[in-house]
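A short write-up of the structure that comes next.
Letters A, B and C mark the chains as written, and numbering starts fresh at 1 in each.
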Amino acid sequence: MKSLVLGGARSGKSRLAEQRVLAYEGERPIYIATAWGGNGMDGDAEMQQRIKKHQQERSSRFSVVEEQLHLAETLTKYDGIGVVFLVDCLTLWLNNCLHHKVWQQEKSALLELLPQLKGHIVFVSNEVGSGIVPMGELNRQFADEAGWLNQALAKLCDQVDLVVAGCVLNLKKGVL
Amino acid sequence: MKSLVLGGARSGKSRLAEQRVLAYEGERPIYIATAWGGNGMDGDAEMQQRIKKHQQERSSRFSVVEEQLHLAETLTKYDGIGVVFLVDCLTLWLNNCLHHKVWQQEKSALLELLPQLKGHIVFVSNEVGSGIVPMGELNRQFADEAGWLNQALAKLCDQVDLVVAGCVLNLKKGVL
Amino acid sequence: MKSLVLGGARSGKSRLAEQRVLAYEGERPIYIATAWGGNGMDGDAEMQQRIKKHQQERSSRFSVVEEQLHLAETLTKYDGIGVVFLVDCLTLWLNNCLHHKVWQQEKSALLELLPQLKGHIVFVSNEVGSGIVPMGELNRQFADEAGWLNQALAKLCDQVDLVVAGCVLNLKKGVL
């Protein structure tokens, strides 16, 4: 089962994704955290705080793997029957990959791997394209790539949900 | 019955909320307006115009109470069986409270009051987290707090709806 | 049949609209492209690239008409039984009309024409109001007008859909 959880900032999408993953009883949940303190939006301090908050909220029932760039490689390394992955979140991963200029290869590697993945996986991704077209070419590139990635993954996933204010709108029905 | 109406800018959320409130026949509808001309986005003139437009659109069938900060206090003052409140809108209230550095106490007061409220209430709130992560720490704080507030209220409300282009997507089903 | 397809940037809304139009077998599909290279977000080069990409993706099965401003006039010129229009997209048209200060008359002309249109029509429009309130009065005017336009068209259309990550959420049910 492959699942994609979409939502805006502070929509409750991470919490839903964690509940989904923990519902697979008896399996080994692996939390792949893509956040990276060194990218600094307004400097590192704020981002570090955000990461710390996420870590605190994260259930102690996960094995946490930090991976900012090589997502497909990391998934391959830990994959297997009985494994359940949570990837939170794809837009931070995209941001990191654009910054390090490895986006095209990392994206292709993930999309190629996904159909062959043995474990279950729940992706968390931000909806970023429903505001005003942002200033700056880099921001527009980011919004474009995020939208294309979400589309590509939604196509490959069995279930897609949109979270709004903690409420769930199912966009594509998954069957376990 | 507690109801939350979410939507982007100019989505038709205020109109839906007003219809909801006016559907409670025979009850006394109280419109709590949170807009504040003095906060000035690009100066007061534009905000004043926006407020004026809202006032003109507002049905003459409401008693209007203006309250920019102390929402829980105002609700308590007017609460009672047979009262129907419309609060429009929560994100302006959040903005005012952040500006005056009273957000945490005002938020807590509202969330504590809500389960004990005797009257009906319809909240209007903006969905602001589905665009690009905004520039500036204050903007990000605003987006974070708006998202968390919407989640907290959605949990406490009986019904939650998302308005898109004047069309209604029910997110949580209410029963009168 | 009049249809409105809404979605954020890179949501897959254009592809859905094209599928809708091509599903009218035996009819003559006319693609009205509103993009304009000369408006330059960060200069013409980027916009030209975006237009070119759209042209490449556009099926060769459409007759393409480029019209940046006078949408109602163009629709009237080509209208007739058996015609199917695709207008992609309304928010670029809005942007062009605001720039040339012809918005109010062009908007009125479209809204007046629509109920009398003989052909089928599928509109594509951006959801731009679900992020942070943008900086700059012009941006806010754009977001306001886009929201109002989407509401007005949603009311006049038989079917309204929201596209998120290539998945379709029906907002208003159409019957052919």
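Keep in mind that, in the parts below, a contact is a pair of C-beta atoms (placed from the backbone, for glycine too) under 8 Å apart; a residue touches a chain by one contact, two chains touch by 3 or more.
Treat the numbers as computed from the prediction; the structure is a model and nothing was measured.
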Query raised in the report: What pattern do the touching chains form: line, ring, star, complete or other?
Result: complete
Report summary line: Given that subunit B and subunit C share one sequence, their CA atoms superpose after a rotation (degrees, nearest 5) of 120
**Report entry** Approximate Å spacing (C-alpha centroids) for the pair subunit A, subunit C
**Finding:** 31
Report summary line: The positions of subunit A in contact with two or more other chains are 8, 127-132, 143, 169
**Report entry** Touch list for subunit C against partner subunit A, complex
**Finding:** 7-12, 41-42, 46, 127-132, 134, 139, 142-143, 164-167, 169
Query raised in the report: Which positions of subunit A touch subunit C when the two form their complex?
Result: 4, 6, 8, 127-133, 136-137, 140, 143-144, 146-148, 150-151, 153-155, 160, 162, 169, 171-172
